[in-house]
Amino acid sequence: MATAKQNKKRSRKAGLPPGTLVHIGEKKLESPRITVIDYDEQNFQEKEISTIEECFPFKQSPTVTWINIDGIHDISIIEKLGGHFDLHPLILEDILNTGQRPKCEDYDNHIYTVLKMLSYDDKSETIRAEQVSLVLGANFVISFQESVGDVFEQIRDRLRNDKGRVRKMASDYLTYALIDAVVDGYFIILEKLGEKIESMEEQLVAEPTSKTLQRIHSVKRELISLRKSVWPLRELINGLAKTGSSLIKESTRVYLRDVYDHTIQVIDTVETFRDMVSGMLDIYLSSISNRMNAVMKVLTIIATIFIPLTFVAGVYGMNFKYMPELGWRWGYAAVLLVMAVVAVIMLIYFKTKKWL
Amino acid sequence: MATAKQNKKRSRKAGLPPGTLVHIGEKKLESPRITVIDYDEQNFQEKEISTIEECFPFKQSPTVTWINIDGIHDISIIEKLGGHFDLHPLILEDILNTGQRPKCEDYDNHIYTVLKMLSYDDKSETIRAEQVSLVLGANFVISFQESVGDVFEQIRDRLRNDKGRVRKMASDYLTYALIDAVVDGYFIILEKLGEKIESMEEQLVAEPTSKTLQRIHSVKRELISLRKSVWPLRELINGLAKTGSSLIKESTRVYLRDVYDHTIQVIDTVETFRDMVSGMLDIYLSSISNRMNAVMKVLTIIATIFIPLTFVAGVYGMNFKYMPELGWRWGYAAVLLVMAVVAVIMLIYFKTKKWL
Amino acid sequence: MATAKQNKKRSRKAGLPPGTLVHIGEKKLESPRITVIDYDEQNFQEKEISTIEECFPFKQSPTVTWINIDGIHDISIIEKLGGHFDLHPLILEDILNTGQRPKCEDYDNHIYTVLKMLSYDDKSETIRAEQVSLVLGANFVISFQESVGDVFEQIRDRLRNDKGRVRKMASDYLTYALIDAVVDGYFIILEKLGEKIESMEEQLVAEPTSKTLQRIHSVKRELISLRKSVWPLRELINGLAKTGSSLIKESTRVYLRDVYDHTIQVIDTVETFRDMVSGMLDIYLSSISNRMNAVMKVLTIIATIFIPLTFVAGVYGMNFKYMPELGWRWGYAAVLLVMAVVAVIMLIYFKTKKWL
Amino acid sequence: MATAKQNKKRSRKAGLPPGTLVHIGEKKLESPRITVIDYDEQNFQEKEISTIEECFPFKQSPTVTWINIDGIHDISIIEKLGGHFDLHPLILEDILNTGQRPKCEDYDNHIYTVLKMLSYDDKSETIRAEQVSLVLGANFVISFQESVGDVFEQIRDRLRNDKGRVRKMASDYLTYALIDAVVDGYFIILEKLGEKIESMEEQLVAEPTSKTLQRIHSVKRELISLRKSVWPLRELINGLAKTGSSLIKESTRVYLRDVYDHTIQVIDTVETFRDMVSGMLDIYLSSISNRMNAVMKVLTIIATIFIPLTFVAGVYGMNFKYMPELGWRWGYAAVLLVMAVVAVIMLIYFKTKKWL
Amino acid sequence: MATAKQNKKRSRKAGLPPGTLVHIGEKKLESPRITVIDYDEQNFQEKEISTIEECFPFKQSPTVTWINIDGIHDISIIEKLGGHFDLHPLILEDILNTGQRPKCEDYDNHIYTVLKMLSYDDKSETIRAEQVSLVLGANFVISFQESVGDVFEQIRDRLRNDKGRVRKMASDYLTYALIDAVVDGYFIILEKLGEKIESMEEQLVAEPTSKTLQRIHSVKRELISLRKSVWPLRELINGLAKTGSSLIKESTRVYLRDVYDHTIQVIDTVETFRDMVSGMLDIYLSSISNRMNAVMKVLTIIATIFIPLTFVAGVYGMNFKYMPELGWRWGYAAVLLVMAVVAVIMLIYFKTKKWL
């Protein structure tokens, strides 16, 4: 349960002064990987650097610079970067704390955005979440990820090959593009969950077992955690679109509105999935009690037919001396006949009661 | 499950630059059908065109032009149209993505509206949804549908025969009329669902089976998906009525208020249906447990009467040498009498317990 | 189910131009009945007219005129009236459509109000709803009802006998008085429902049957439909009280606030009733399972006592040649004793388990 | 059920003109008791008067006058008072109607407040509600209660002995003090309910019976009705604190904020209690089904052990001529042994299944 | 149950004038402990004082003074302090009443904040709550706690050793730091609860007992009470951040925003935990009914196999004279064979029904 773990780490910070840099989260990477992409409409440059100081010169350049850092456990790197780019201590603290709620904060000369990048692990059939922090400055974007591997590869392609609008636009558009890529990634998760739900529905109809119940509950829990990542996004993007900051240009706002719509769509689908899953729980429970019913019926039919008959047999198994029936020539046959009649009457009764 | 499928397609877009035109949805039609209706109070012209370029001249004409496109999988047509009518790339993207949430966007010189046209398929007893996009310009309306066949036939009639107000009004009134026709279509769906619910209620009272449960859940799911189409409509129409855009004239707003009322009515009815359906689920479940109760009672009555009697018979079936009762002249009769008395006492007991 | 029926009729309108007059609802009356009451502080005149034209002269008179029309299926009358009194086509459309949601619309020179008048049919034990439309003009009020018979008789009395304030006030006060009478009528419905709930509660405690469940659900459904009539009223009256229209005088607003309070009280009571009814459902379900429990206990006690005893009897009913016990002098007595002891031990066990 | 009764009375008013004085409620007192307390910082005067006219002179006096009327069924008194103190007819109507929802109304020269005074009847273990109306004027407060006996005794003491701030302050502070006393009374109710809930919890753990269920539901119903009294109070006090009326002085507002906090605390506790009670319902239901489970297990164990054994005994009780086992020397012993082995195996099986 | 106890004490105050100082709560300490920390950027002084008067001189000093009082049952101390520091009587009343809802009140020259400090008692596995009141003045902060021991030790360390920003900032920053420490403490609680939930989940899967249910409900109740402490915090911190008071400096607001985010995170986690716990309740209930199902199946299988066989045995145990089968040579063998066949057929039937 990721939530419990996150809190466990979080408490290490309790009581420390705000702005104290403590990495809260799992160390997912040996040493951080830093890549720099610098571009404008004409030029494009991409390189992987080994020391953080190599990217400092880009701060002054008029071109847009995207510094991406994979791995945030090396506090010294974050500190140096923060010092050079003049980031507020609270930004640095938030970057390191991987249990952040998605949010967007406007610090005069920077806009800090933190959100969850989700990916689906096909092997373990679980959703993996990674925290992505974006710092938008006048002509740079710095992105922080917990580990190597992200959903931004297509954006890098578009930058490299000057596809779409991105090379022509400023750093705010790049920020939008990164957020959009993250949100687009949610659709892939929804797709997987949709398939899961579909297959569970078929299973429910065909043959519900207690394993089905466990699957229902695991999907339910995934939806709870997905919801926690997605709901704050609405506010985040809204905040970004409505900020008074000059860092977000008017022309970018229409794109933010678009990604806002996508977010609403994701939320809608999550809520629909929740409705469906809780409907499935109802079906499961009533199919269980239907089954119980069927079992009870069989028991009742067998018992109510044979118990009286056994009683009759018991009566004629008694050893009384004076039991006239026992001496009759057709006594045995008569008793068998009576039994048969009783059984038939009972079967008819059950038939009328629709138990058969 | 339409939702899962939609998401599956949606993920094809993940990572592409915004404004990239990718058709997301099923290809419901071989080649798109384009019809143009051009009118003002005096003139009326209607024709089906084969190439999209034929409708370009209408852009300049002072008359109102309604271009309707059935089938949106041919991206080149959408692109050319977008280019000529100067539509924002995000509009074009949204038109092609059939998983849109109903919404209304104001792009300075256009208002883009997307909503779901629902129809009821009597054969499969399911609701079919089709996405309708409306682009309102100064003197034109462009509508995009996924396939041939819509709820707009009566509007075409009114245009042809100059019935009602529509020929006297501008393009905003036509947009209203189209939205109104879509909302009116919802009432037909509600009617069908209402009938279904009514028949299910009768079934519930008469003879609830596990099939009833499945029907309840299928209606529940239809209501969930209907709700998803209808709720955003409120905001959509409200947005349209309150937009500052000069494209919506003052005189049209009162009509938008009217269709807004209809939408609220649809939402109200959907919510009432939801309440009713979940009430039916309760009835179903308690009727199941009532049944179980009845079964249990029969079992208990039979068992509790005959088990003691069988025991008595068993006792006198024992082979002990010294069992004085066995030699009595009236022993057998006495035992039978005792058994009868026990049975009668038990029946009276059950009677007082109201189990009979 | 009224809702389904309403929708059925409503769909007849789908696609017609707005303002097209189609009567949607049941035809509850043969021919409409029109009554006119004209009054000011000094004068009072009341008459039943046979053609709608007879009421036209009152439009100009400075006195307050109340035109009441029972029966709205005769479209021509509504049309003529609308023409003379200059009513907006959408008002006329709404009057004829009996599936309206309660609302209040401000059309410059008229205020249109539509609400549900409820009455309780003691015979069928159901709530009957009738749509009442009120058009408030400068010096007239026109009210439309579906059939003869209403809750306004006391207002007519007050007008005839100059009781209370009503003859001294303008048409807005009359409108208020009519709305107030409708809302007062809701208290009678609540009273009936309250009695029903009370009697159901007694039944629940005394002897819950599956019929009780059906009654609970019927009350639940009545509350759902009552709620649908009452909730929009809040907004309606609020809208009326806060409208900028000069038709509503300042002095009337305090009375609207009063009827607003009554509406809130009705809503509160409806919500409380809903809470109580759903509480009763819980009680019903748990009383059912309590019963099941009791049945199971009896079965278990009887079975667990006699099954082992019957086994013992069975053992000594076996026909083995060498069964020494069978020859013992006190064998039979000993076996009976053992059986009695076993039975007593079991009874004590059940006693400690509190099953007896 | 108080609610039903209230509505029954309420309907007597249906159709009467607003402001018509009809007493709605139970007549709790033979003849009204009127007491007058007149005070300022120096002077204090307290007397019981027999005719309402005796208190009229106080209207002009600059001192603060508190007129308290116990018993509101004598309409003439209310009318005379209303006439002299110039109270709006709607205030008088509301005072007489004991089914009011707590509210606060600002009539230019008066502020009318109505709320519920609750007391706990230890004998019947129920909450008794009494309506208290407060009319705040420039230098007087008139309070109306349904019967003698209230929570204001300590305020009278403070007035008599000049304790606290109350003698130094104006009539608005007295109004605050009265409201505060009513709200403080709620804490006593909450305490009683808290004790009830605590004792129910112990009962639930120790030995849940169907009586426990009834107690849970009675507390639930008390919480529903408490909630109905408390929720509107928030709005009431807020309205009082934010009114623009000069009757409420700035210095009193901070005290209103304080009583507002108390109200929120009461609401919070009521909601927490509701949560707890519904949690108890869950525990009750699952303890019932746990019990059922236990009963079923015993039945199953007994039955599954003895039914096969009885069958074996039955086989050797058959009277076939050629049953070789019957003649064996150790046949009987062998069968007994086999039976014992079967029984032991079954017991072990149940052990592994954790049924024992 | 803490809530009930709190209310019990609270009612002691009913009817007393506002501002009357009565200690409501448990007396957790023998005699109050008072510590004073006085600091600015250069100086630091910390001492424990024995009489409250010793701290009075600090009021005038320009340095920031933090007076911490552990133990609030000694009313005279609170009164003297209130007198000297000019605190509003309502502040003093609230400090003494330990049942306060977290809130923040702005009294011109002071800001009063009250919140709950939570700690986890590992022995009893319960959450302990202690009320902390903070009074922020121009250059002092007074904090009141119920007992010795708090979460502020690290802040004292930071003050002593001049770590972080706190010595450089004014009293408002100290207030923030104290609130932040309290909120950080919540994460520790969440961590403990998260562990509990995790271990319960494992238990649920492995072997659910009625003790698991009790644990689920105890966690549920802890979440209810945690929620009650946390929800109002949002409003509190928001109020603090948005107050117009000059006591909160602009530079501190960004830190308040940060602690606000933490609060939201706590609330989110509490809500997620609630969702998870109620999901676990569902799992528990369905695992119970699964078990019942399994029990029923075994009973049914055993009973339905052996009851018919026992009947057959009973038939041939009858003592009729003329039962030809009894004399047959292979009669016994044939009957045994028939019985075996019946048993096998039944087993196959159960197999196809998936009951085995």
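Per-chain residue numbering starts at 1, and chain names A, B, C, D and E are given in the order in which the chains are listed.
In this section, contacts are C-beta pairs under 8 Å (C-beta built on N, C-alpha and C of every residue); 3 or more make two chains touch, one makes a residue touch a chain.
Nothing here was measured: the structure is a model prediction, and the numbers come from that model.
Of all residue numbers used where chain C meets chain D, under half belong to both copies. The two sides are thus made of different residues. Superposing the C-alpha atoms of chain C onto those of chain E requires a rotation of 145 degrees, given to the nearest 5. For this pair, chain D with chain E, the centres built from the Cα atoms lie 26 Å apart. Centre-to-centre spacing of chain A and chain C amounts to 42 Å, using the average Cα coordinate of each chain.
Averaging C-alpha coordinates per chain places the centre of chain A 42 Å away from that of chain D.
Contact of a single residue of chain A with at least two other chains is seen at positions 289, 292, 296, 299, 303, 307, 310, 314, 317-319, 323.
Against chain E, the residues of chain A that register as touching in their complex are 1, 3-5, 7-8, 10-11, 13-20, 88, 90, 93, 99-101, 103, 105, 107, 207, 210, 213-214, 217, 220-221, 224-225, 228, 281, 284-285, 288-289, 291-292, 295-296, 298-299, 302-303, 306-307, 309-310, 313-314, 316-319, 323, 325-332, 335-336.
On the side of chain D, the complex with chain E involves touching residues 151, 153-155, 158, 163-166, 177, 180-181, 184-185, 187-188, 190-191, 194-195, 197-198, 201, 205, 254-255, 257-258, 261, 264-265, 268-269, 272-273, 275-276, 279, 282-283, 286-287, 289-290, 292-293, 296-297, 299-300, 303-304, 307-308, 310-311, 314-315, 317-323, 354-355.
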